[in-house]
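Here's the structure we're looking at; comments come further down.
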Amino acid sequence: MTDTYDPARTAVLLVDPFNDFLSEGGKAWPRLERMAKEIGLLDNLRSVVASARETGVRMVFVPHRRWQEGDYKTWTHPNPTQRQIQELHTFARGSWGGEFHPDLQPQAGDVVAQEHWAQSGFANTDLDLQLKQHGITHVAVVGLLANTCIESTGHYAMELGYHVTLVRDATAAFLPEMMHAAHELNGPTYAHAVVTTGELVTAFEQAGP
Amino acid sequence: MTDTYDPARTAVLLVDPFNDFLSEGGKAWPRLERMAKEIGLLDNLRSVVASARETGVRMVFVPHRRWQEGDYKTWTHPNPTQRQIQELHTFARGSWGGEFHPDLQPQAGDVVAQEHWAQSGFANTDLDLQLKQHGITHVAVVGLLANTCIESTGHYAMELGYHVTLVRDATAAFLPEMMHAAHELNGPTYAHAVVTTGELVTAFEQAGP
Amino acid sequence: MTDTYDPARTAVLLVDPFNDFLSEGGKAWPRLERMAKEIGLLDNLRSVVASARETGVRMVFVPHRRWQEGDYKTWTHPNPTQRQIQELHTFARGSWGGEFHPDLQPQAGDVVAQEHWAQSGFANTDLDLQLKQHGITHVAVVGLLANTCIESTGHYAMELGYHVTLVRDATAAFLPEMMHAAHELNGPTYAHAVVTTGELVTAFEQAGP
Amino acid sequence: MTDTYDPARTAVLLVDPFNDFLSEGGKAWPRLERMAKEIGLLDNLRSVVASARETGVRMVFVPHRRWQEGDYKTWTHPNPTQRQIQELHTFARGSWGGEFHPDLQPQAGDVVAQEHWAQSGFANTDLDLQLKQHGITHVAVVGLLANTCIESTGHYAMELGYHVTLVRDATAAFLPEMMHAAHELNGPTYAHAVVTTGELVTAFEQAGP
């Protein structure tokens, strides 16, 4: 791996680490459980976060809109995923499912971006501003889902001029072919690096303080 | 006035109608009081909102970031206004000053955009998305301050492709020369119409349902 | 199909219809030829354009940056596709490969957006402004490639608040699994409709003047 | 002046340095001539550019859309300035007035951003991307006009997270009160520094290589 991660200029974008995605009892957990366990998703997310904190890489939380009463009702055309959220109340504000996983909590000095309405953590939020105001030029995008929010957030990051790293086993999707699409078909066209958690942690340590 | 305001495609953007700006005892009220009273600002804002509700024009609230502990502390270069807010805690979250004026409260069906960090209600927020999802093509921008948030929000609206109307007496500024700059020097270069509250209300009634 | 396409509010976004993609002798044609012929890509693109012109749907051309000497040389981190373009000079400015296919040429009244540097026709261009200034709320995204520029442009359109239609056989990709990813895995999560050319043409005719 | 300008992270944004603005015989020159001469505008622009080149600060050209046949004709609501351009053909493509002033020409390694349609050099262009891909975090905005394109470009830069410097005598406007508005009323609310050409050149030299 030739890419280097100056901790003063690098951030981990942790996208949608909600209980509804990551915890037993979460609304989307049944669809993710098998893959998440197979790749050790939660352990890998813990490793990425721990490594970022140790090496001084900025942690940035990138949460989806927590559903609340009234959402989408007056919109002319919510997208299919939003229509589903409207029914299922995924990531509901004030609910356990809409809280971050207990092991993936913000700490002082972390950035928590404004909530995004659809798939890209940059679209219609302050994420780009927050990254600039913290001097960030390189992002590693982890969390859920590999072929929707992670791909879109990573893709927007590239369009906005950031150096983008995807992490194969620090994300998951509902189906193996979605992971394949994210990391073998689409990722290599726009991301500057596609690595494993182990490789990312090693790279953080080599660059770190 | 030749501009027409189809209620299905028009929104009033009500920017920063906080007690800190508009109410006796508000942190910025002393600097605004004289001009606000002179032009009848609060009455005019009430008229614009009432007219919008009667004619079916969409009301959109465009709030500034409510200051909260930690804001700006890790930023590399907050702007001068943000540094001032950091000291004065203007529009503090959870405080009376950070609440909307009691006569300017959102109702069901209104849009409340995400909070903006600086001057433009569009920058780093979901305002453009919300307008599109409500079919809006024309905006009238009212509230505070004429030469900062109103001008910036109006200007961004124009850059984004909206038809923009400024309302001379439904905004205010700290100094008369700032009003002059907003409505006589800069506004006419980018806004499609610069009107009075009376003219806007008449136009809404003529177009309305 | 329940989606309707008011011609006054609908545009076809024709992405990257360059000779390098679509014509015998084009630089990327060898990688696309098999799939393009199999699905009748060029005929379908001709049909979509003809139908748009007949029914009054706005044609919008969305071209990739034509490579020119100096491009990317001073950039800190071009993405993998851009590094490839830097070597191959794909869509070179002034070259035949960088011209639109002879059957897919702009006419008076069409919009030609500014060139995009990466995958989304909206990123870093005037496309959103142009659509707003032409009253567009609904877009059908066709052209090349299904899993890169089409997916990204469609995805951005959704994030920006547009109603988005993908057209299965008016696009192509280098591999069948890329088409599958674009239309079966990712498209249904964000696009409001995924249709065939025939279905789109019928819908245009039903809505048209 | 406490602001420092690391040449690796600083750019001069030179906005609209067209003959139509800056040269005898230019279409807008008669309205600018008096102020431009009074403050030594052209000499100051030459100094800023020369200083940037000597110290390794990146030069970025930020041109307005060159008017061409057809512009704005199909737009639903061009703004007042655009309607004026439509009549006067200011900065016409292919004309002398639409060329950069002979002393303010791009050189190899400079960036020339895509043309902007209205006032902000960032809106609907690749300027933000180009700055990120060149590692820029600090911008000094010079050129024309102080209260329109310079103010808007500077303001957008701030909203996007850049450190923004205005230069009092490296810009001009049609009226003295417009300069006053730009530098005394509005600039201090959003810009991180408002300096003179002399101060900027000194600061560049102190930081430079």
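For clarity, chains are labelled A, B, C and D in written order, and residue numbers in each chain start from 1.
By our rule, contacts are C-beta pairs under 8 Å (C-beta built on N, C-alpha and C of every residue); 3 or more make two chains touch, one makes a residue touch a chain.
Note that the structure is predicted; figures quoted are calculated from it, not measured.
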Shared touching chains for chain B and chain C?
-> A, D
Centre-to-centre on C-alpha atoms, which chain is most distant from chain C?
-> B
Go ahead and note the Å separation of the Cα centroids belonging to chain B and chain D.
-> 28
Computed distance of Cα centres, chain B from chain A, in Å = 33
Could you put a whole-Å number on the gap between the CA centroids of chain A and chain D?
-> 37
By residue number and range, which residues of chain B touch two or more other chains?
-> 76-77, 117, 123-124, 128-129, 133, 135, 137, 159-160
Chain B - residues contacting chain A, complex | 70, 74-78, 108-109, 111, 114-115, 117, 123-126, 128-129, 133-135
Note: in the complex, chain A contacts chain D through residues 128-133, 135, 137, 159-162
Listed in rising order, chain D residues that touch chain B in their complex are 76-77, 79-81, 117-120, 123-124, 137, 147-148, 151-152, 155-156, 158-160, 163-164, 175, 177-178, 180-181, 185-186, 188-192
